[in-house]
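Could you have a look at this structure, given as structure tokens, before my questions?
Chain IDs A, B, C, D and E follow the sequence of writing; residue 1 opens each chain.
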Amino acid sequence: MQVTPAVKAILDNYESDNPGTKANLARILMQGKLGGRGKLVILPVDQGFEHGPARSFAPNPAAYDPQYHFKLALAAGLSAYAAPLGMLEAGASTFAGAIPTILKLNSSNSLATTKDQAVTGSVRDALRLGCSAIGFTIYPGSEYAFDQMEELRELAEEAKDVGLAVVVWSYPRGPALDKAGETAVDICAYAAHMAALLGAHIIKVKPPTATVSLEAAKKTYQTQKIDISTLTARVRHVVQACFAGRRIVVFSGGEARDDLDAIFAEIRELRDGGANGSIIGRNTFQRPEAEALKMLETIIGIYQGK
Amino acid sequence: MQVTPAVKAILDNYESDNPGTKANLARILMQGKLGGRGKLVILPVDQGFEHGPARSFAPNPAAYDPQYHFKLALAAGLSAYAAPLGMLEAGASTFAGAIPTILKLNSSNSLATTKDQAVTGSVRDALRLGCSAIGFTIYPGSEYAFDQMEELRELAEEAKDVGLAVVVWSYPRGPALDKAGETAVDICAYAAHMAALLGAHIIKVKPPTATVSLEAAKKTYQTQKIDISTLTARVRHVVQACFAGRRIVVFSGGEARDDLDAIFAEIRELRDGGANGSIIGRNTFQRPEAEALKMLETIIGIYQGK
Amino acid sequence: MQVTPAVKAILDNYESDNPGTKANLARILMQGKLGGRGKLVILPVDQGFEHGPARSFAPNPAAYDPQYHFKLALAAGLSAYAAPLGMLEAGASTFAGAIPTILKLNSSNSLATTKDQAVTGSVRDALRLGCSAIGFTIYPGSEYAFDQMEELRELAEEAKDVGLAVVVWSYPRGPALDKAGETAVDICAYAAHMAALLGAHIIKVKPPTATVSLEAAKKTYQTQKIDISTLTARVRHVVQACFAGRRIVVFSGGEARDDLDAIFAEIRELRDGGANGSIIGRNTFQRPEAEALKMLETIIGIYQGK
Amino acid sequence: MQVTPAVKAILDNYESDNPGTKANLARILMQGKLGGRGKLVILPVDQGFEHGPARSFAPNPAAYDPQYHFKLALAAGLSAYAAPLGMLEAGASTFAGAIPTILKLNSSNSLATTKDQAVTGSVRDALRLGCSAIGFTIYPGSEYAFDQMEELRELAEEAKDVGLAVVVWSYPRGPALDKAGETAVDICAYAAHMAALLGAHIIKVKPPTATVSLEAAKKTYQTQKIDISTLTARVRHVVQACFAGRRIVVFSGGEARDDLDAIFAEIRELRDGGANGSIIGRNTFQRPEAEALKMLETIIGIYQGK
Amino acid sequence: MQVTPAVKAILDNYESDNPGTKANLARILMQGKLGGRGKLVILPVDQGFEHGPARSFAPNPAAYDPQYHFKLALAAGLSAYAAPLGMLEAGASTFAGAIPTILKLNSSNSLATTKDQAVTGSVRDALRLGCSAIGFTIYPGSEYAFDQMEELRELAEEAKDVGLAVVVWSYPRGPALDKAGETAVDICAYAAHMAALLGAHIIKVKPPTATVSLEAAKKTYQTQKIDISTLTARVRHVVQACFAGRRIVVFSGGEARDDLDAIFAEIRELRDGGANGSIIGRNTFQRPEAEALKMLETIIGIYQGK
């Protein structure tokens, strides 16, 4: 399938990557209802690891089955499906070639005693499961941040070498940050920038809030009159921090919420700020399938400019 | 030997595995008196490592000899025999091809000062000893859980690559859990789910108790009205947490007990909850051989639907 | 291009290196307006990692784009451009062959909780991106200094083996040093000497101040009447500590400053002390391009003897 | 040389080992005055490492020379000679093929600050020096026990792969044990059992004392009426813990003692309990050569049934 | 060049080494004014790393140039020159084949916060620089001693494999030792013995003092009437601890001292005790070249029996 000019323009930004990696980025960007527009919506299902199976799947028991998520992502016309090893192993053959997959290579859990993650998959796993990309989480600000960056470096080099794309979840936390700081706009932009510097192709961050957290950064935000008043403006700032828009940035959807209008309004602001898309998990698979599909249709519509 | 439809259905759930691994799972599922039914009973003998030789074998001194356990498992018509390196080395040649074996790759001991395990065998050992699977213990909730998961990841990848199956003992413990929490139903389901996410083919947990331990999970169990009133219901919940039944789950037998009726009643509940079987060590080899064989006959009968 | 006698004389000091490494050193020394004189000015852009994107690039938003820095270095006629992985990936193909690049292989950040750095690139990355050298920072005096030296040793051996040059940022800090000690002339000379002993081809240090910090060294500086009264004299001492001038030494420009005359005066002293050049980041890319180019023209003029 | 039926019976217990390892075990079991009987006496000389040269060799200065020990073991008709790297390097060529050697791969010393050992030799060293076996010490109960077991696992796998035998010194110590506990019969049997589980071919422990140390084990020793009243009975228990006699067990001789009759009486009890032999260092090489030879003649006589 | 009988006798003690290593030992033993006598004087220049450049070289500024030391060692007719990576890189080609070199593979520095060393060179570096040996420091008694021994083990195995010799600096220090203990005769002999056990070809220790430090060793020194009254006697004891003279032992010269007669008297005692030679750094290169040459001539004369 010939890529569209919009996708071609994005691929050109990854000028150091080999054709294999570009092809896998193209697979994601040409998939589903947003295919060809340079926009994407990803379904991530690693909550079973993070919060346990009941908290993740009991609200919609069909979701206990790993194959449910392949079907959901496919039916909704999403761009890709991301999950840890076991989840993909249980459906990768049945859905081979149907939708690009992202193997999440590290995971935390609610029983853990440290703010770290365990590496739970490999680049070779991603290859044998037919994935288009690997996914990896870093916690900038954590005591483990340097170790995580070094793990990411090794895995990303290996992934690029075999033609896979690299998706980085950059979630600030740790001793230097209070709860508000974790989503502060300066920290969010910094976290996104570090993911870009580490060689990520696709960067995932949380929607930034109107706070500047790092003491040393406050003066800059005032002096340079950086607009952080609206989510749209803050997203624009984060996109700028990703090599002036040369890297794909997607924003997470957060906890499951009832107020659909609020969700849609937020996504409109993400779009207007220049976000490449959203990555939405609990808000989709914890609803009954029909509701989830309807919600995703609206979200995709927003990224289609509706 | 042609596998039965019941076994074929189980093997189909392991759709990402190579034929070598499927053949080894089939060997276990087609072995012994439960062969072909999709049910299994495994004899594990790692108690010498965990508790020392006298506490393990003095009640039935014949069991000091590693070859005793091969014979017992064979005579009882069990599905597989699991043990650490030395135990298998001492009989693997004599009993080559007679019964599938599982090489336990890590072990703890009663003199240890930390809640960890030492890696005491390798995938290459499993191959040279003719094993069908490797076994590995993780302690979710322990300070060593991330390290153990990363060790498991490497060994499991290597094992799958050479056509072996992977059996994971998932035993929650550590600072986040009190004694009751270690067997609480939410923790047990979470531990089983993590083993599945880590790529286990066969998951071993302890029978769950009617407690919810993780504060953050209590609301879900109440709101979603998850039935934990009977062992049968709780086992059903754990099976669901293992990819909606797409992974084999077996339950341990616990300490040696005199009350056989209680043991049998428990196993009936495991079966009714959808467990694939049991893994029973001390309750068998610490009894005189004749008694053990009789007990195992009854247990196998239960899984045969008697 | 035939190298000049001045450059040939410098290359001869690297008598143990293979022709590949000599060629890459020659590329840097023959590049730009100082090409052939044995002097060099390098543009380093790792401040996005160290201080975050807004503090680094908001003063001159064009600098958010990685390709801006390639253009700036090229337009100014500089000798080389140094940056972390992502920054080079985003322009290495467009500017292939246009200007020698140095891949910075480790990086710290303002959210970090320890005085260490993460390794964020590899020698293979440097090769695939067409770099002439790797860059690496050590913190002599830090708790991590031995680890960093061992990382550098491995990377430097690998780099020399494949014909790359090695640039070492030697920045003393840690428990043994107070703030004044970090730039004290004895510490600066010691840090430069250790970089030379570790096999660096190009050594980067901060301009030394007129303090002797190490108690055990004070007697030597007094007895031997080592002149530390002027920056010129101190630079001469540092150059001597780099194998009596057998290794290239460049000095950093420090924070962005308004007083251009002070900057130029400092650089004249560096030159008069025998420094091979400067490495100037924030003072250039945080100004509007035209101003930066003008400032760099003056600096290059100083090294040209004007 | 055709092995005797007694040796053949022992070799048959190592049914999983390759012919190379069996040949090396046979070399040890067919060597010297006990050759062919299934009994063995080994000379170990690692005391220079453990206690320093003067404390080890000053009582008999001829023993400072590494070649002295080769000669002593040969003259006394012993089964094998065990020592660290340097000791074997200094005589392995002169005495090539004369007597089986065991390269001790880890060592502690009296200046050490932790209850650990350093790995000081390799399997490749053992091969190039013509050794028949590697030797390795573990400290069950120590904070380093898991690390040591993992080191042993790797070295033992490598050794078996190249046809060497594995001798394990299993010496309990550490926080869980008081001085009496280190030689308590339950701990000794447990330590021997763990060595067997770790894949040792020859297990070395200290003669057990009539104490049960582990609280959790006391009930078993009482209930099961395990006889620990005499050294003979305790040795029998330890032999049983070594896979019901399927593994070779030798006992150490302890500190140099003057009372020869006590030494001989102890060895008679070891023999009567089923020990395969003794491993005696200081009691031999710290005496004048003639005395040592005479003492060893008596000891060998005891194992010959005299 | 045919080796002399004296050198042949020494080489024969290294009976397990390959011809490559023997050839390199021969190169050192046949070099310079002591060539062929079985005696040697080595010039070590790692003080720039240990104490910094000014403290090391300011007293004789010509010594800032790495090539100065090659020339000095050559002019004085020394046996070998030992230095860290950068020092050798800066002269190895100019002086290729002129004098045997020893690449020091680890180094400490005065800014370090721990009693450890960083590994700063490799066996491959030694090969590419044409060295005859690697050098490595261990600190018996330090918290890092086991780690250092394990590093040495790996490097020494690799070095021997490619035909290089191994020189070990054995410098006791750490929690178990007070200042006097670091040079106590029992500790010195123990440190030398451990270096021999670790497989060193040439052992470097400090001249021992008339103290016995280890409590457990005092009885032996008294009972066995070990003569420690003179330096000659103590050196004889250390030589005995090096496999009864089967290993080459050299003694360091210590800090720069003015009293030449004292230095010469000490060296006469070293010689009379059976030392193979001296390793003298600061006392030579911190003097003007002519003075240093004269002093070295006298020292060489002493080892020539004058």
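FYI, contacts are C-beta pairs under 8 Å (C-beta built on N, C-alpha and C of every residue); 3 or more make two chains touch, one makes a residue touch a chain.
Just so it is clear, the structure is predicted and the values come from calculations on it, not from any experiment.
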### Summary
Shared touch partners for chain B + chain D come out as none
### Task
Over half of interface residue numbers shared between chain A and chain B means same, under half means different, so which is it?
different
### Summary
Note to self: chain A rotates onto chain D (CA fit) by an angle, in degrees and to the nearest 5, of 145
### Message
Counting only Cα atoms for the centres, state how far chain C is from chain E in Å.
### Response
36
### Query
Could you state the distance in Å from the CA-based centre of chain B to that of chain C?
58
### Query
What parts of chain C, by residue number, touch at least two of the other chains?
none
### Task
Using the contact definition from the top, classify how the chains connect: line, ring, star, complete or other.
ring
### Task
Write down the ring's chain sequence, where chain A leads and chain C follows directly.
A, C, E, D, B
### Task
Sort out for me which residues of chain A touch chain B in the complex.
48-49, 51-55, 58-59, 61, 64-66, 84-94, 107, 109-114, 116-122, 124-125, 128-129
#### Entry: chain B residues touching chain A - in the complex, by the definition given at the top
13-17, 140-143, 145-147, 149-150, 153, 157, 172, 174-177, 186-187, 189-190, 193-194, 196-200, 214, 216-217, 220-221, 224, 226, 237, 240-241, 243-244, 246-247
